[in-house]
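Heads up, the next two complexes both have chain A, just with different partners, chain B and then chain C.
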Partner chain A sequence: MSDVKKFLYVNRKAPYGTIYALESLEVVLIGAAFEQDVALAFLDDGVFQLTKGQNTDGIGVKNFSPTFRALGDYDVQKLYVERESLEERGLSEDDLIEVVYEDEDDDWEEKPAIKVVSRAEMADVMADADVVLSF
Partner chain B sequence: MAYEVNGQTVECDEEGYITNLSDWTPELAAVIAEAEDIEMDDDRWEVVNFLREYYDEYQIAPAVRVLIKAAKKSMGPEKGNNKYMYELFPYGPAKQACKIAGLPKPTGCV
Partner chain C sequence: MSTLHTVNKSPFATQALVSCLNHAKAGDAILMIEDGVYGGLSGTGLTEIIEEFGKNVSLYVLSPDLDARGLDAKRLIGGIEGVDYAGFVDLVAKHDRTQAWL
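This part shows the complex of A and B:
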């Protein structure tokens, strides 16, 4: 179907303290369940949403970071993370959780869904989307 | 609303999903199943246990399509298909089996 719109969900906020990150993920899951073309972008403090070893015991909310790893099951295959945002926060790709999807066109081989891109490439990702939703 | 198990009251919402996920026990599952007009057998337990493991790992109750895909991977194609799942849980495998498994209503399920 050629008229499937490309949705890009832009995540700019830290995972906890506001409801934005969790709400964004919920909307992504709903959109993906309806087989939309879904991609996610992480920049600014949003990159913290994908960091490994999150522990929310002290703040009394659910650690929802394991849910990102289910995105592959929902056929979400594109999680763009901005390199500059990582570097500005002293993070690198190694600090991020692993998210994989199975490539239908390549004998269901598991492939990483997270792609670290430069700020300039991120601008292209946004320009390429039909709908951009910012959280 | 609430369920009664061994003299204990377990709270649930108006649709029958339990309020406190840690209240779940296999005995409670049997009570919820009965309220849903479902008799639990080994096949149904397999799906319920599978959902609980999925929730444990990913912190979400999967949508039907995802449940079936994941079940196909771990239980094989003869069980990981729509027909099989809907025969076990006629009102929707994700919706009904999640309720019995003591999980929240799946995200994106209306």
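This part shows the complex of A and C:
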């Protein structure tokens, strides 16, 4: 079957208090390996997953935030982050890690994968998905 | 094209229901399950906002979860419909996608 579906992974939880965020990332990598159209959404506390400078040395768990930067290598090109969720938490795009992908249609130029969108645009992204997986 | 949203947390514990309401489109359905059914109660601090959003979306609760918590369907916000497990399946089949708000 060659049907490519649009998979949207919705992330609404902060990274280390529960296992949701790490599990989401694992499933995203699996989905991407099956060459589906994969996008990620970060809203509510999910935006905390993408903050710069995470250091988990003192809590004895893996810091998986650098793994997001590898998503580009799996051809994951769309990380939607909700602006209202950032603002409610005193964050801006500058506080987030950088994730890039190489655009094969544009001479493999590196482009940012993180797209900050409004709440209304996020609702459109969700309504456009074929399959929504929530974490 | 429409979405069935499920919410399984109390709106007094998490943002799940409010966030769901903020992202649902007109014509979508929201089914409150497990502790999510507390969101269907009338006379709470959230009743007004839920009634407002309820004008554009269809609201449902899973009746077995309501019954389990000793809540009478009469206490639900007007217009919220109770469904059983078969009704849950019908809702899933009726919409193009299901989105869980955890």
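Here is the rule we go by: the second predicted complex is superposed on the first by the 133 of 135 C-alpha atoms of A that agree within 3 Å, B and C clash if a C-alpha of one lies under 4 Å from a C-alpha of the other, contacts with A are read in each partner's own complex, and residues count from 1 in each chain.
Everything below uses one rule, namely that a contact is a pair of C-beta atoms (placed from the backbone, for glycine too) under 8 Å apart; a residue touches a chain by one contact, two chains touch by 3 or more.
All values reported here derive from a predicted model rather than from experimental measurement.
Three-chain overlay on chain A, with chain B and chain C fitting side by side and no clash. Chain B and chain C, viewed from the C-alpha centre of chain A in the overlaid structures, lie at an angle of 130 degrees when rounded to the nearest 10. Touch criterion met: A:Y74 reaches chain B, while chain C stays clear of it. Once chain A of one complex is fitted onto chain A of the other, the partner contacts of A:A127 are limited to chain C, with no touch recorded for chain B. When both complexes are overlaid on chain A, the residue A:Y20 reaches chain C alone and has no touch with chain B. Looking at the shared chain after the overlay, A:R119 reaches chain C, while chain B stays out of its contact range. Shared-chain residue A:N63: touches chain B; no touch with chain C. Legend: residue contacts after superposition of the two complexes on their common chain; A:R12 is shown touching chain C, with no touch to chain B. When the two complexes are overlaid on their common chain A, residue A:L29 makes contact with chain B while staying clear of chain C. By the touch criterion defined above, A:Q54 lies against neither chain B nor chain C after alignment on the C-alpha atoms of chain A. Think of it this way: put the two complexes on top of each other by chain A, and the tightest Cα contact between chain B and chain C is 24 Å. Counting contacts as defined above, no chain A residue meets chain B in one complex and chain C in the other.
Across the complex, chain A meets chain B through its residues 26, 29-30, 33-34, 62-64, 66-67, 69-70, 73-74.
Those residues of chain C whose C-beta lies close enough to touch chain A in the complex are 1, 3, 15-16, 19, 22-25, 97-102. Taken together, the chain A residues at the contact with chain C in this complex read 10, 12-13, 20, 43-44, 119, 122-123, 126-127, 129-132, 134-135.
Against chain A, the residues of chain B that register as touching in their complex are 57-60, 62-63, 65-66, 69-70, 107-108.
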